[in-house]
Amino acid sequence: QERGGTMNIIVQPEPPILVLGLNQQGPTQTVAGKIYQGLLTYDFNLKPQPELAESWEVSPDGKVYTFKLVKNAKWHDGKPFTAADVVFSTSKMLMETHPRARAVFAKAEKIEALDDYTVRFTLKEPFGPFLQSFEVSSAPMMPKHIYDGSDYKANPANATPIGTGPFKFKEWVKGSYIHLVRNDDYWKAGKPYLDDIYFRVIPDAASRAVAVEQGTVQQTQFNDIETFDVPRLKSLPNVEMTTKGYEFFAPLSWIEINTRNKPLDDKRFRQAMMHAIDRKFIRDKIWFGLGRPATGPVNSVTRFYEPGVKKYDFDPKKAEALLEEAGYKKGSDGTRAKVKLLVMPYGETWTRLGEYVKQAMKRVGVDVTLETTDSAGWVNRVSNWDYDMTFNFVYQYGDPALGVSRTYVSDNIRKGVMFSNTMGYTNPEVDRLFAQAAQTNKDEERQQLYSAAQKILVEDVPVAWLLEMEFPTFVDKRFKNAITTAIGVNESYDSVYMVKK
Amino acid sequence: MPRIAVFISQRLVKAVFVVLAIAVFNFFLVHAAPGDPAAVMAGEAGAADAKFVEQLRQQFGLDRPLYEQLGTYMGKVVQADLGYSYRQQRPVFDLLMDRLPVTLSLTLTSFVLALIGGVALGTLAAMRAGTWSDTAITVVGLTAYATPIFWIGLMLILLFSVNLGWLPAFGTESIGAGYTGWAAFVDRLEHLVLPVVTLGLFYMAVYTRLTRASILEVRDMDFVKTARAKGLPEWRIVSVHILRNAILPVITVAGFQAGHLIGGSILIETVFALPGIGRLAFEAVLQRDYQVLLGIFLLTSVVVVIFNLLTDLIYSLVDPRIEVAP
Amino acid sequence: MMTVSNSNAPLLDVRNLTIDLPRGADRPHAVEDLTFTLERGEILCVVGESGSGKSMTAHAVMGLLPKAVKVSSGVLRHDGTDVLSLPESDQRALRGGRIAMIFQEPMTALNPLMRVGDQIDEVLRYHTTLDRAARRARVVDLLASVGLPEPDQLRRSYPFRLSGGQRQRVMIAMALAVEPDVLIADEPTTALDVTTQKQILELIRDIQAKRHMGVMFITHDFGVVAEIAHRVAVMQKGKLVEIGPAAEVLNRPQHPYTRQLIAAVPHLIEHREAFGADRKPVLTAEKVCKTFHIGGGFFTPGRTVVAGNQLSLTIRQGETVGLVGESGSGKSTLGRSIVGLIKPDSGRIMFEGVDLLSLSRTAFRPYRRHVQMVFQDPYASLNPRHTVGDIITQGPIAFGEDRGRALEKAKDLLKLVGLDASAAERFPHEFSGGQRQRISIARALALEPKLLIADEPVSALDVSVQAQVLDLLEDLRHRLNLSMLFITHDLRIAAQICDTIAVMQKGSIVEIGPARDVFGNPQHAYTRQLLDAIPGKGWSIPEDVMATGRHGAALRTSA
Amino acid sequence: MTAAVITPSRRKGSGFWRAFARNKGAVLGLVFLLLVVLMAIFADVLFPTSPWDMTAAPFEPPFSEDALLGSDTLGRDIAAGIAHGARVSLLIGLTSTAVAVLIGVCLGAVSGFYGGWVDDAVMRFTELFQTIPNFVLAVVLVAIFTPSLTSIVLAIAIVSWPPLARLARGEFMSLRSREFVQAAVTTGQSNLTIIWRQILPNSLSPIIVSASLMVATAILLESSLSFLGLGDPNLMSWGYMVGAARTVIRQAWWMSFFPGIAILLTVLALNLVGEGLNDALNPKLARKGRA
């Protein structure tokens, strides 16, 4: 392991700002994950690992969490990182600016610094996934001395982010690249190894693929590479592909169904959809082998997955039978019903998927009209319930209480809010199970509650689950140690090194 | 000289009104779109609650009534302030200035090359009207004119970057290569070749056609007969008498299209991943970044206005008659 | 640079020249078996109707024939050398060096984007070895020698700044730059005013005499021929029908075609009685003023042109009032004001006691049918997409006439103007210029007007056709008791058909009175100048030719 | 309107055809265009199934058994897409041109005929639209009103009419002062009759020529919009096919190549026909022949 080397990583789309406390879009996380750090990170099985916190303790009642911080961490401007920064970040700044952190830390009754390197969180009631909420994008540590008392969003320091991470912000040529350089004062001795990281903005998918082939960039992640390019790029001699490193996000894609509208309000219609759509075909031909057909609301790589749920195999006959039973008879033109499908504006693949769903549903007599819109229109329409069906994919953030329940519980039916229960699905039993499971920190108990919830949901089909998505990460073979944890490319990369030939 | 000054100031006054009208028009157009930047950012964040969106709206000034927003905006525009992009956390003017060099170097080089090439080819074709070289130029020109510009771009990348590996496929420079001085300049030039050729090819075809048609028209005019009767050599007749007169309509069209090059550059910048105004515009539409979009509209209309003005000035230089009838 | 010449040979010797036209043209040869010579120190006038091949001959001599047109046989010698067999570079040296040419249209014959001095300089650059300074001096000399004022400044002007006459002088200066021995002038004065024409003719004659050049002068105006020709060649349909000394051809024409041409020339003999001042006035214009503003914007005032300054005029029942004057003097403006195409700034136009200018658009409409207009250009005045029948009936239909009746009447009118009734179903492009002008007249008459405004109705036509149309108008006037305002710049024509003449200059009527008085005893200096400028005054059409040719052919319809 | 152009006179009509036929490229273009139209009309006969149907395995290369020109990423037949796409491309090209011609000619006619402040107002309005780069405006319009057949057609029309308005204005202005129009005024015809019967038919030739070229531009515009992902997702159009296939251009050149060629050839044919029309209808050449 030697020092030196420059890594070029694709970032797409270009992040609006790099201050992770203020913006948590995917690309922001990838770039800012090298600048900022969280207290913890997670291994591939989602077990907490130390980062800025070197150790932690949980009280037996599950209400008090005490973290010991590393002692030698420094902000990029030279100021020491202390418990005050943790308290400021979690109790003040993120409460203002970070919707996900807000939901978690609102459960804390008290957040206090016991000394410069000890922080104690006291919760109002036990919260199962509390320890799952400390990786860099869920709770990035922000410098108190810069932000306290200022208008966070208008702070002039936002242009030059200051974190504790292994890489420092150097330069940002908008529309072109972001340049990070090694933090020589990094608190882990001898690290990082790389000299520079360039994040390059390449908006066109074909160009991104060429960039990988030509070796101009050494890493791509998430959906940078369109699915159809994956098989080809996978066989390149200079890069390695992995689908690991997304366990924390564990994205799950589905057809979101507005259950307020006819005929989608009928459970049998939704079940028929599950039978009419060939998810293996989708995985093989649209996602080119990436991902696994989803069986229910929880991704099988995360915690509390329940395999024993009702199975929907691809069976158009069964689908037709269900439709027949629900009273949707074939009309003279062979059509049973008409619905609209709003295609998600996040790339070609979703458009292809839309076209596939249209054809698949047509085969069982349902006429699907495709609608397209740009991302603003999509968010606007979905969050205001102005749609029949659309696609969506949602991250699970390591725990059903963080990333799963929000989609299905009825008190999260909130008009105008994206990623809430926009389907309008209500089931009191499901509400109860999810609420109870969140409030305990006994894993066996939680497993039982979540299994029960999963069984009900799979029977009800509030959304038509498609795939447990996998993202391909391509990394140049000369670069080692890139993907080591469940947050994958959002890691700090302090142990990545380059093998010189 | 004062005539020119009067002429320019007269045009400028007109232009200011056009530009202001465009600002208002665009303001309503952009705000007619469903969704707003806050919603987009909420969608991209992957998680959101009502407070988050509310905060953003307040910050962007979207909670105030439309006429008030328009008033604020126009008030700023009049003071040459294009506003602030909260999404990008930067003044719109700075954003535009960042992107402008790329777009200008792309469009101006293509424009100049297309103009020179087009006029040269058009002249050649017209002077040899009916021969095989005319046919060849016309056919190639027509083909370039009829091919979707992005398709040409893709094919060129396929050929020159992927298969032959002669030229870089995208970007404006080899980032991190650490070139300085001359090497950096050459590097930038190399990156410009494919986009410029792609964009230029289409316009070259346009100018070739125009020049050819214009020359065919001028060729039969009386004063050309006079020049022949004077016993001048053919090259002088073509260059001094025919071309100078034939170029006028080409200048007019060229001036008009200079602004539209920016439109074409959206496609080119997308295909070749250039951080220019065109792509910024496209992203701004999708992200509902009102301020940036309005800024771009304003900037491009100013550019177009300036180009039209330049065209008229060039015209008045080439054509002495213009002075009398502005 | 003086050229040494082989003095035995004629300057230009054209033998059996035949020029082929491209396939699909109206005849196979532009010029057929043409033979003539041009001697030193002589002016040879070539006359003939439009399309007879005059220009083609000239272009062939210059080696400037259009690509599609080729000399198929014959010999063309210049000073003994066979021009047609010379290589291109030698031909080029000949062009502009020994043979020079000036064209009809001074407005378009000069490069609009080049200073006139530079355009002359070009000839010197390519045909002499003079250095820059010497060339400049020569340009100034040349401009001075063609009578242009302040040549040193004018050298730097662009053509658009010069008047038509000045441009034609520049063209002549350019042609003379390297002292050619042959000058070909293709209708050099046709586009000019009479007064300017006179000056240019004099200039050409002077220079020709001074330098002992041979001049081939193409024209269709026998007045001009009479003015300057030493010899005359007459062409018809590509063939030379008569050639001889001017006096012979003009006064004792042999070929019937020549006789017909000469007979068609309007004759400057007043044969009209003074018109009775007791007749009822149809139209009275009082102090009509019109100023045009050209250009201008927010800041610039632009240019103003006074096209009508206190114009007063009376037209009586059955009277023909002629409006003459140089180009741009405002003749058309007055005519258009009367028919309501232009709104004058002030003044009154009284028609049967009503002031037409005070009427609104709708109130004016009923009066439109009483005042009709015939336009100058027979090609532009008929809608090419409508049938002749449509064109004539549109007016009556607009005034509520039944379509069938209107068509019947249109057919009668066509017969009246000497066309076949079947013409109604055809389109304008199927007719010749003279026939179209008849259609125009029929259209004007369809509304049974009391007053006819004819704005240069014959100036776009060939002489022989001109005569026919004028006779038609004359005839109709008698038959229908029409009043007419006849606008023309040709004093011969005015003299021939007008009872009263009004002379206009720069927007004002400078003299008005009975034709006989105005022509016989002009009062205003400008009128005298105009009359003085009429070419070929000294020549009168031989009586016998006039008797046989013209009045016999008066109403022939084959224009 | 077209009836006025193709004059009832047999001689004139045949003259037009003769002039048109002299231009070999134009005839070639016309023949090709007719083939495209036929293909559009008989698309349902040639390829009875919907072009969206996945009839073959994905990524089949051309000349394979069940897909003559290959299949696309979802196994849809490229040939069927091209045949059905002809319909959409032509439909969008023609309707948007028709709308643009309607707007342009109306505004241009009013502006050129009445002159004065009306002209000034209309021209300022036109300038406004010409100052905004047209493709940018089209993108914004389609994005804002969400991509659909109507919004695409309207957007293309909205960005295309200004040149037509200028052309029509120029024609109307010059024709208005022509003597036959003044003759119509003096014979008491109403403004409407003059605009409709006298001026319009005579100004149509250049308008038809530009319209024919505009159809070509509209097809290109539509494909560019599709390329950026702003096409109507329910319509199989050539532009959509290139746009959808561009990302797999490396693996499957045929997916964007054939529709690209279809656009290229159709646009080329339209241009050739436009030039042929120009040669045949150009009043200048016609006048020359007459003099």
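Letters A, B, C and D name the chains as they come in the text, with residue numbers starting at 1 for each one.
Assume a residue touches a chain if its C-beta (ideal position, glycine included) is under 8 Å from a C-beta of that chain, and two chains touch if they have at least 3 such contacts.
In this text the structure is predicted, and so the values were computed from the model without any measurement.
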item	value
Required steps from subunit B to subunit C (each step between touching chains, minimum)	1
Of all other chains, the one whose Cα centre sits farthest from subunit A	C
Two chains sharing the most C-beta contacts	A-B
Averaged-CA centre spacing for the pair subunit D and subunit C, given as whole angstrom	45
Subunit B and subunit D, separation of their C-alpha mean positions in angstrom	23
Mean-CA-position distance for subunit D and subunit A (Å)	46
Between subunit A and subunit C, centroid-to-centroid distance (C-alpha), Å	87
Set of subunit B residues in contact with two or more other chains	33-34, 154, 162, 270, 285-286
Multi-chain contact sites of subunit C, meaning residues that touch two or more partners	none
Multi-partner residues of subunit A (at least 2 other chains)	206, 345, 373-374, 377
Pairwise chain contacts under the document criterion	A-B, A-D, B-C, B-D, C-D
Subunit D-touching residues of subunit A, taken from the complex the two chains share	205-206, 209, 226, 228-229, 232, 285-286, 343, 345, 348, 351-352, 354-356, 358-359, 369-374, 377
Complex interface listing, subunit B residues touching subunit A	33-37, 39-53, 55, 59, 86-90, 95, 98-99, 102, 154, 157, 161-162, 165, 169-172, 174-176, 270-273, 275-276, 279-280, 283, 285-288
Subunit B - residues contacting subunit C, complex	6, 9-10, 13, 221-223, 225-233, 236, 240-241, 244-245, 318-321, 324-326
Residue ranges of subunit B in contact with subunit D within the complex	17-19, 21-22, 25-26, 29-30, 32-34, 142-143, 145-151, 154, 158, 162, 217, 256, 259-264, 266-267, 270, 278, 281-282, 285-286, 293, 296-297, 300-301, 304-305
Complex contact set, residues of subunit C against subunit B	62, 64, 92-97, 100-101, 103, 105, 108-114, 122-123, 126-127, 158, 160, 171, 174, 294-295, 297-300, 303
